Amino acid sequence: MSTSKYAECIRLCIECAQACEHCSDACLSEPNPSKMADCIRTDRDCAQICWDAAVFLSRGSQFSSEICHVCADICKACARECAKHKMNHCQECADCCRRCADACDEMASVAA
Amino acid sequence: MSTSKYAECIRLCIECAQACEHCSDACLSEPNPSKMADCIRTDRDCAQICWDAAVFLSRGSQFSSEICHVCADICKACARECAKHKMNHCQECADCCRRCADACDEMASVAA
Amino acid sequence: MSTSKYAECIRLCIECAQACEHCSDACLSEPNPSKMADCIRTDRDCAQICWDAAVFLSRGSQFSSEICHVCADICKACARECAKHKMNHCQECADCCRRCADACDEMASVAA
Amino acid sequence: MSTSKYAECIRLCIECAQACEHCSDACLSEPNPSKMADCIRTDRDCAQICWDAAVFLSRGSQFSSEICHVCADICKACARECAKHKMNHCQECADCCRRCADACDEMASVAA
């Protein structure tokens, strides 16, 4: 795994974490946040695991592969949830989640 | 600052963090979460700073005082917000926030 | 999964996180921390995933099982590393890691 | 506070967090990590508060100012500690800490 692959995965994890923080906050301001409860919950968990993956990768942790594996799973679930909603913040978050999931899947398969 | 004071402050930070995580989640399941948006946002931030304070205190960090100072501020804001709502999860969270704020204020004044 | 099982798993995650924070810090104060570098690194990662697992479980996250699965893996690795060192902080940390790994393994097999 | 100011502060917090994670890890691999214990401890705390500040800012939290204030304080302490050591990872970390402290000081004075 090259250094640039690490850097790119970290970048996508941080991008996804920020998209999830933003989407979660924006969902709370929607006219009917009741419909967005699952999206808010998934965003919240996805943001946290993406920040964590960025931390583990930044440290060069021996557990980077394990964290990226679970991060990819949660990103995929979050992408599925966000994709159900037509708002820009949800659609953009879904895109970030898919990109992050791809990078984390690759990292999980080769790291450590 | 005695070891037992540290342990008690850590215990109250963790209790408060858990109450905020629970309150935030329960607010999302209320019939009209729109009215709870501010509570959800405050809970979310309060949970995070309380977990952080627990981490810094558990490490015996030299910055425990600074973290406890900001933790106390956010706990007080969260207590004020939660106290506005009559649901049990909000009232119980407000109580936990007040207890944690008191312990963190004391820690901030003597630690480091 | 009963509420008390959740509460017990959260309690053991927090106990383990605190033991790892303490062990990591105590290792840095040993006469020859060079020998403790792997222990410090593993403690650091184990503390973080244990705090995370406590957060996800406190929220009743749908991803509790995934987080507990990776938490159990990292706890087992940390227990193996800590068990190599005769200092009390390492031996006590190894014990906490084993207890947390057992609880997380059980949670991973039944939650979600 | 313009959106681009927020984005720049987030960027510098993340850059600093990563520099601290890297410096802490590199210090552990130095021939005499005993001399680096304070640097490792400060890096560890600085990394955490920088990640936190990035999270609060990404959410547009009402407590961004408070978090940035304490983040700036810890960054300055970490810059002072890192500046004592001639290794590249310490000198580069000190630079990142100073840049992050400046951005957080500005954010603390105007946000919220």
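Residue numbering begins at 1 within each chain, and the chains themselves are lettered A, B, C and D in the order written.
The rule is short, and it goes like this: contacts are C-beta pairs under 8 Å (C-beta built on N, C-alpha and C of every residue); 3 or more make two chains touch, one makes a residue touch a chain.
Model, not experiment: these values are computed from the prediction.
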Selected pair, greater C-beta contact count between A-B and B-D: B-D
Repeated interface matching A-D, over half of the contact pairs identical, chosen among B-C, A-C or C-D: B-C
For subunit B paired with subunit D, centre-to-centre distance based on mean C-alpha positions, whole Å: 24
Cα-centroid distance, subunit A relative to subunit B, in whole angstrom: 26
Contacts with two or more other chains, residues of subunit A listed in rising order: 25, 41, 44, 55, 59
Chain contact topology (line, ring, star, complete or other): complete
For the subunit A and subunit D complex, residues of the former touching the latter: 10, 14, 17-18, 21-22, 24-25, 47, 51, 54-55, 58-60
Partner subunit A, residues of subunit B touching it in the complex: 25, 28-29, 31-34, 37, 40-41, 44
Subunit A to subunit C touching residues, read off their complex: 41-42, 44-45, 48-49, 52, 55-56, 59, 61-63, 66-67, 69-70, 73-74, 77
